[in-house]
Amino acid sequence: MRNDGRTPLDLRPIHIETNFVKHPEGSVLISIGDTKVICTASLEDRVPPFLRGEGKGWVTAEYSMLPRATEQRNIRESSKGKVSGRTMEIQRLIGRALRAVVDLEVMGEKTLWIDCDVIQADGGTRTASITGAFVAMVLAFDKVNQQSKFSSFPVKNYLAATSVGINKDNGIILDLNYEEDSSALVDLNVVMTGKGEYVEIQGTGEEATFSHGQLIEMLDVAKSGILSIIEAQKKALGDLSNRINSGD
Amino acid sequence: MRNDGRTPLDLRPIHIETNFVKHPEGSVLISIGDTKVICTASLEDRVPPFLRGEGKGWVTAEYSMLPRATEQRNIRESSKGKVSGRTMEIQRLIGRALRAVVDLEVMGEKTLWIDCDVIQADGGTRTASITGAFVAMVLAFDKVNQQSKFSSFPVKNYLAATSVGINKDNGIILDLNYEEDSSALVDLNVVMTGKGEYVEIQGTGEEATFSHGQLIEMLDVAKSGILSIIEAQKKALGDLSNRINSGD
Amino acid sequence: MRNDGRTPLDLRPIHIETNFVKHPEGSVLISIGDTKVICTASLEDRVPPFLRGEGKGWVTAEYSMLPRATEQRNIRESSKGKVSGRTMEIQRLIGRALRAVVDLEVMGEKTLWIDCDVIQADGGTRTASITGAFVAMVLAFDKVNQQSKFSSFPVKNYLAATSVGINKDNGIILDLNYEEDSSALVDLNVVMTGKGEYVEIQGTGEEATFSHGQLIEMLDVAKSGILSIIEAQKKALGDLSNRINSGD
Amino acid sequence: MRNDGRTPLDLRPIHIETNFVKHPEGSVLISIGDTKVICTASLEDRVPPFLRGEGKGWVTAEYSMLPRATEQRNIRESSKGKVSGRTMEIQRLIGRALRAVVDLEVMGEKTLWIDCDVIQADGGTRTASITGAFVAMVLAFDKVNQQSKFSSFPVKNYLAATSVGINKDNGIILDLNYEEDSSALVDLNVVMTGKGEYVEIQGTGEEATFSHGQLIEMLDVAKSGILSIIEAQKKALGDLSNRINSGD
Amino acid sequence: MRNDGRTPLDLRPIHIETNFVKHPEGSVLISIGDTKVICTASLEDRVPPFLRGEGKGWVTAEYSMLPRATEQRNIRESSKGKVSGRTMEIQRLIGRALRAVVDLEVMGEKTLWIDCDVIQADGGTRTASITGAFVAMVLAFDKVNQQSKFSSFPVKNYLAATSVGINKDNGIILDLNYEEDSSALVDLNVVMTGKGEYVEIQGTGEEATFSHGQLIEMLDVAKSGILSIIEAQKKALGDLSNRINSGD
Amino acid sequence: MRNDGRTPLDLRPIHIETNFVKHPEGSVLISIGDTKVICTASLEDRVPPFLRGEGKGWVTAEYSMLPRATEQRNIRESSKGKVSGRTMEIQRLIGRALRAVVDLEVMGEKTLWIDCDVIQADGGTRTASITGAFVAMVLAFDKVNQQSKFSSFPVKNYLAATSVGINKDNGIILDLNYEEDSSALVDLNVVMTGKGEYVEIQGTGEEATFSHGQLIEMLDVAKSGILSIIEAQKKALGDLSNRINSGD
């Protein structure tokens, strides 16, 4: 039994509330257990300098935590005057992951800005951000598509993420909460498409190492978790869930 | 009739959801019309350097907007590497306003950090922040008080804020939304206690001026608005609303 | 009697030395008691991006203190690498106040930069800055007008500022010096035109509150002070004082 | 055949010159093909604040490129005034990887600073940095050990890193150079101990995805590459290579 | 004849107004032709970290220009968020120059902060700053000495600075104004004691070179200029001028 | 005898390895005793804004030290987020010195970026940087000249630099190492052309002064040192050494 009553391979409850805020083209409030993230998707009619004139779009992400999303209050990055390495790593990951399932040519010269703001943190904020951002992105593309049709829907595939870890007491566990994450020996984040293909894997021994056998087992657990999470995304998207072209 | 159907002296609907996030000592989600702010109150067991050894506490505030709280996406201040003048003005105002109703000696050498994060903006974010922060502050002091009793409850009086403006078509109007605020000739923010005493007034002609008579009338409108808002605070606080000592 | 021998409603002596430095289009050294500020006005032939192509001008201000303008030496903001909240608040106030009496359409696509550098501080630096900047601005517009005539003189009205406060011993006092300002219960800054219309009022209880009656009385005192200060501006401007069109 | 004449599973030539600079406790110049990195290891007699009084040491890394290490000159991060996300990601990875094979308790309250400065870049700078930093670290601990003996040698295990990728023409390839890296569909960095245990794996589809079968095959190729690289480390360390305790 | 009517070896008129501002321990307004600098000297009862516990004092300087000290308005360094290379060079020079004539042991563990703020610039601002700062420093030490006597007066010698240049039309010229400085082929700044010893010489060919003979001649011209400037310092110091011990 | 066995007027051994890194148009590793600097020269096809449309080129330099180039590890300027005054002074000096021997008109609208990165420091890093940068610059112009001929070779003259100092025990000494530099009473850096003309002299008394006679003698020693260093430059350049037009 885990500290919150789950068995090792249980996910926490997932809720995805769509259109949580009114201004963005797409937005959700995603809750995975006690982790809550507001994900918004904003479309801008231009691309960064390195892409100008290429006829392609871009997807980029920013990530932040409210100061008191955590047990101890954190100093705002705007007060410190710089963005931490952890934040940069996470926002680069989110952007990269989403780009893997978007047809940038179909987008045209537009930028999709994803903003993931953690309002309550209990482990897995980066994977919750990817999972929620995917839904916000689909909503945003749908809204724009209603006004000026894309040649095809720009999202090619489902995408979600979760974490798996190894823990002294319970061995391999799925979807770590904060307390579990802090004491895990190994931490593996996996981003996967709806077809079970990898988009990103990041596995880290925390002052520890892990064997090939453990890796294979963790990847297997991650896959089953992600496929369940994608079901939650489909439910949140409702009718829209059929817009995502499964033929790649 | 105003653009959202109100008469000139109508407030927008107010909702205050207490304990909106789990980690802070006190928190609310306040909605005033379409303006929504998460206000959290965090108590830290030390004071800034200028107060060390004085036996007094401190109340300070930070304010921020999510990038897509607004119609157009704003660049994060953490990305820009600095806090704007507007943000600084607002957070200084919030802190100053709250300190006027707190007994800093009773607090002892503690700092109360108020964080106001606007998740959706439609005018009046600074006055909504003050109004919501007051409730979060009372909740935080109550929580700490349950563990280690203060000699008396540190909040001496109710406190809320609103805006009044002058507008070409409707004359004096209460509680301006974004569209009204953008076109107002005069903008007056008033912070007032539950006893009708002023804590702060800031009146500005926007490339315009205003007469003494107009000022007196606007102050009168502001007062009636604030007294209604304080009723909403009391309702949100429930039983706790009696903790605020009305004898100054 | 106040600490410098004044009665409660006395202003400190005002001196305005015009053309104090040679390069700017307009400049003054204003002394109000021991508070001394160099105010310069510089005209630039372009406007900020948000105004380009609108055919209108802009007035903006910057404010700073020399490190040893004060009793204790302050660290330079250039060394700290950022401008403080207090400085931002003051420079935004100065710019906003001046814009209220300038006809931006008549200016055309020009920016007027006001620089207020406090070389000696003894309270009231922001109100002295506004008062001095007004004179520097008139000088600058006059100089430019001699070369390429504006369709009418761009300054529509006189403008000056002062402070009023409430103090334990003397009740309501006008034009606070540093010592009085530090111990005041209430601090009210008023910016007013030559016609007695308000441009800006900012009243703050310093860990205190104030009543409606006190506010009315303070506003009355401020008005009489400002009208005297405007006489000093007229004297400094000499013949030029008639250029300011009193018919709005 | 690859663009530099290698077969898909060939490593580039590795040279590790020890004691390349005189001041640091340990230093190497590592060349992997045309990628050249100066790695230095500096021991400091104190730990970061979060570890004070814990009796444990810390290993941290910084990474930088000379401006003209690359085909196009890059602007220095000191001139830009901030460290890029890419740099932060890499330096966090290097520090984390090295900590996995160091006994921080044996180190005592010391910090080992690793500096990896790329003087010529041709792909694989982060994996070359880890590989070279490991050798510099062993040299540094040996030097300190000669003066004041550690209870046991603080490095528990060998550690090296390499990259594997998938490329349109050649399928899976080992140790990518810059041109290969730029066009790879999938990029996988692996950090592994001398016992073949994983310390870190980071696999990324670049606007692409990869299957489980491809991942398994890439991991296998990475392992054989790393074991060869560790032989080069042992040769560079000479007699010292026996100091690394193979019993974990 | 030079552009301002001087002969090649003429200095511009010098005026040194002592005690120009009231708060600092020492202050002057120095005018050399149209160049005007406020120099203040502030004594602080502690030293920078690298000197703590050494029983010695420190002298350090900061330099800045008001935005409109020059023909074109300059952006404030506080707005840019960083101090320019030119400013750093000048303030390091001023501090180093003054330290050469101060007995830091006699000072004890105090820091003398020199602030040089150029309010009007017409060439030679760095040499005017050194010359004025010297006088402000003597005033400050004298003021402190009246309260708690130093074992001897901490200033050992007079110190002043000037510039010499080579110009196409007039050959070697002394004390360059802005226009001359901009077109000079060679620019030499000399800081010298009252005994004719060098403290600092900085000679620069501006996209040009200079011969040994030219250097010797320029140094000779600089010396005669500096000795005249020291007479102006003595006159400004009045009775105090005898406090500077001429026997080193 | 000096601490490294040299007589007072001995230079340290000089080695200049050309084409040390592969990407830049020109590069060297220069060693002067234990001081080692990588100097690269990069040509860019545009000029800074202030020169656009003038038909002239520009030469600019950046200087940095690896963190452990020195006995104690230094914090990176990129981590501190700003460039120190010392670094700015040095890089401004390098750029200015090189520009004195380059025909900017012949260059055309190009910028030559010089990067001097100290990998090991033992005194004299700025003079070694100038000496090495000169060689890298000649190599870069030669490389570009092979592709698109300049009307004449843009480097007009040889250029090198060295330091001279006065030291308690040995009197005047040439080419100071770190230990000598730290304890020198006077420090003089001289930059000179191959014809013995000065480009820059910077002489500083370190809390000390120096006489005219000492200055003349130091300049004489510097000249003989620089002429020897130029021989080392010619040897490094080989056949290319004749490209530098000795007729000015």
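Order of writing sets the chain letters: A, B, C, D, E and F. Residues in each chain are counted from 1.
As a working rule, a residue touches a chain if its C-beta (ideal position, glycine included) is under 8 Å from a C-beta of that chain, and two chains touch if they have at least 3 such contacts.
The chain list, named the UniProt way, goes like this: A, B, C, D, E, F = Ribonuclease PH.
Note that the coordinates shown come from a computational prediction; the quantities given were computed from them, not determined experimentally.
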{"item": "Common touching chains of subunit E and subunit B", "value": "C"}
{"item": "Shared interface numbering between subunit D and subunit A [over half = same, under half = different]", "value": "same"}
{"item": "Which listed pair, D-F, A-D or E-F, duplicates the contacts of C-E in over half of its pairs", "value": "D-F"}
{"item": "Between subunit E and subunit A, distance of the C-alpha-averaged centres to the nearest whole Å", "value": "60"}
{"item": "CA centroid of subunit B to CA centroid of subunit C, Å", "value": "29"}
{"item": "Inter-centroid spacing, subunit B versus subunit A (mean Cα positions, whole Å)", "value": "34"}
{"item": "For subunit D, residues contacting two or more additional chains", "value": "81-83"}
{"item": "Neighbour-by-neighbour ring order, given that subunit A leads and subunit B comes next", "value": "A, B, C, E, F, D"}
{"item": "In the complex with subunit D, residue positions of subunit A that touch it", "value": "82-86, 88-89, 91-92, 96, 99-100, 104, 193, 195-212, 215-216, 219"}
{"item": "Partner subunit D, residues of subunit F touching it in the complex", "value": "21-24, 27, 34, 36, 38, 40, 42, 44, 62, 64, 66-71, 73, 76-83, 87, 113, 115, 117, 119-121"}
